[in-house]
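Same chain, two partners: chain A is paired with chain B first, then with chain C.
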Partner chain A sequence: MTTTVRKIKKQSNFEITSWKWMRYSAVALLPLVWIHVLIKDVIVGVHNIDTFYVRDIWAIWGWKVYDILLLAFTFAHGVNGLRNVSMDFFHSEKARKIVDWGLIVLWVLVSGIGALAIIAGARPEMLV
Partner chain B sequence: MDISLKVFRYNPEAGRTKPAYDTYLLNGVDPTDRILDLLEEVKDYHDGTLSFRRSCAHGVCGSDAMRINGVNRLACKALVQDLNSNSITVEPILGLKVIKDLIVDMKPFFDSYKSVMPFMINDDIPEDGKERLQSIADRERFDDTTKCILCAACTTSCPTFWSDDKYVGPAAIVNAHRFIFDTRDQAAEERLNILNDESGVFRCRTAFNCTEACPREIHVTQAVAEVKQAIVSGVIK
Partner chain C sequence: MTTSWTSLKTTLSGYLKYRGREGQTAFMLHRITGLGTLLFLTIHIVDTAAAYYYPPLYEHAIVLYRLPLFMVGEIFLVFSVVYHGVNGFRIAYLDLIKPKDWMILKQRKSAKTTLIISTIIWLPAAWIMASNMIKHLGE
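And now, the complex of A and B:
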């Protein structure tokens, strides 16, 4: 037996976008995180990772893009989760807006600084 | 069997302005006695000032939802033998203001319920002028959510509701679901608009407390997810 399908006007607002983002970013994070864990922890091993390894890996633009995406997606996912939790503590609309914008600025800053560091790459010879 | 019944007490009218617990030792309790029976015994033979809500005493009216050994249950459905303990603690449900002993102010709960328009909206005249027909499948679609008795066990077990009483809560969403998925109703879009709000359905964090607490075994979290899906996809099926 099938039920009647009805269509309504598709809605859009910040809450929907935020909810969708949590789901889409989680799906994107699955391959990003697992490939990262597989390579760094299993294949290479964390004890073999030093600045020379980082220099070599970040010499390849594909890995630079990968790491920037990993950072941005993971942090955005976490920041959005933090936004949800913060709503338990901030009840007024004004306070929630301030927190929302604060978290967006934090995300842009951390992702931006991280992206710059990745693009600049590692220079182990500077440490010697 | 002997039972040690610890009950939350707060009664500003009788000068008990500080919340505290009273413990009553009840002898000769039958394992098949309900918690409501124990409360009645305390009220009749130990302390007549003990206050709690009860009405039908058969799990239908939803008056006597309370926290029994830390879990939201109906006092008239929870049996002593189900708790596997000789020590039982009874407290009011969380997140609503305590008025007296086990009685809480249900107004915020019913305000949320009313906000989703929990009634059939259809201004068309039925084809035969008498009744609006519906297929068996269409009726079954929302069968589960028709079972709600508005006891508030789900809403007051929800962590989001504990911290934010503006959150509409699972009971209101369940009752909205009952009409949103009813093909005879014409106000689904309006209800979904109400729930698509900062205090609406997207505040649900899928803790599943509501599903565990429901004395009617409604799949509350699933109903909430279906409402979310209808808002996001624009499809009610």
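And now, the complex of A and C:
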């Protein structure tokens, strides 16, 4: 039996790239998020976490890099997921524009706030 | 305005009434756990960032997170993170590596397996967190 395979080169666009990256980032997020949750929520526990704990963690460069990656991957994946959900509810060109710009502002703002804090480190000396 | 409300109603009733069995359940669980996790994540990024900007605010957030209500919420949050991860892995695996297994009968099975695996991973974590909560009750 012979089969003829026609190869069609698909033109990539934003939605295809976004679709792929939701899946690639999902695979990266599995170890990143689960290790984070296992350590903070299960092993250490909220009763052992305070500003001093955060200072000690962010004093270590490895954890700084880890938390930056965690922040970048989770929040981008989350906001893009919210964009996907929003497409079920907002269809018109005008509504899409408003929602998309709102999400971009949220994404940049919260990522920026988080990244700056991780880089600068916690300041328990401000507690007095 | 009228049109957007119609679309909201149509979408929501579609979510609820569509009889997609296991696949539909997985879709709904994936959305709910994803949105719930994103809501907490956004608050969590901002409150943790307060450890740098204004530590008293971070300490205040920690006090809230230690309340039994929030600790129960934390246990559900961990379920969300586990389920969304396992199901997300299923989606990525089927889409990128084995699209043929989206076939309806196999998909029903993998959707069920996903829920079972998530529960097995979650239970020991839930147990430890619940014991932790009980240990600190009345503090």
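Methods note: the second predicted complex is superposed on the first by the 118 of 128 C-alpha atoms of A that agree within 3 Å, B and C clash if a C-alpha of one lies under 4 Å from a C-alpha of the other, contacts with A are read in each partner's own complex, and residues count from 1 in each chain.
Here is the rule we go by: a residue touches a chain if its C-beta (ideal position, glycine included) is under 8 Å from a C-beta of that chain, and two chains touch if they have at least 3 such contacts.
Source: prediction; values computed, not measured.
When the two complexes are overlaid on their common chain A, residue A:T74 makes contact with chain C while staying clear of chain B. Residue contacts after overlaying the shared chain place A:Q11 against chain B, while chain C stays out of touching range. In the superposition on chain A, A:T3 makes contact with chain B only, while chain C stays out of contact range. Using the contact criterion defined above for the overlaid structures, shared-chain residue A:K94 touches neither chain B nor chain C, since it reaches no partner. Of the two partner chains placed around the shared chain by superposition, chain C is the only one that A:I49 touches, whereas chain B remains out of contact.
In the superposition on chain A, contact is made by A:M126 with chain C only, not with chain B.
Set against each other, chain B and chain C touch different numbers of residues in chain A, with C touching more.
Across the superposed pair, chain B and chain C both touch chain A at residues 88-89, 91. Interface residues of chain B facing chain A in the complex, by the touch rule stated above, are 135-138, 140-141, 159-160, 163-164, 166, 183, 188-189, 192-193, 196-198, 200, 202-203, 205, 228, 230-237. Of all the residues in chain C, the ones that touch chain A in their complex are 3-4, 7-8, 11, 31, 34-35, 37-38, 41-42, 45-46, 48-56, 58-59, 62, 65-66, 71, 74, 77-78, 81-82, 85, 88-89, 91-92, 95-96, 125, 128-129, 132, 136.
Considering their complex, residues 1-11, 13, 15-16, 18-20, 84, 87-89, 91, 93, 96 of chain A touch chain B. Against chain C, in their complex, chain A makes its touches with residues 23-24, 26-27, 29-30, 33-34, 37-38, 41-42, 45-47, 49-51, 54-55, 71, 74-75, 78-79, 81-82, 85, 88-92, 95, 106, 110-111, 113-114, 116-118, 120-124, 126-127.
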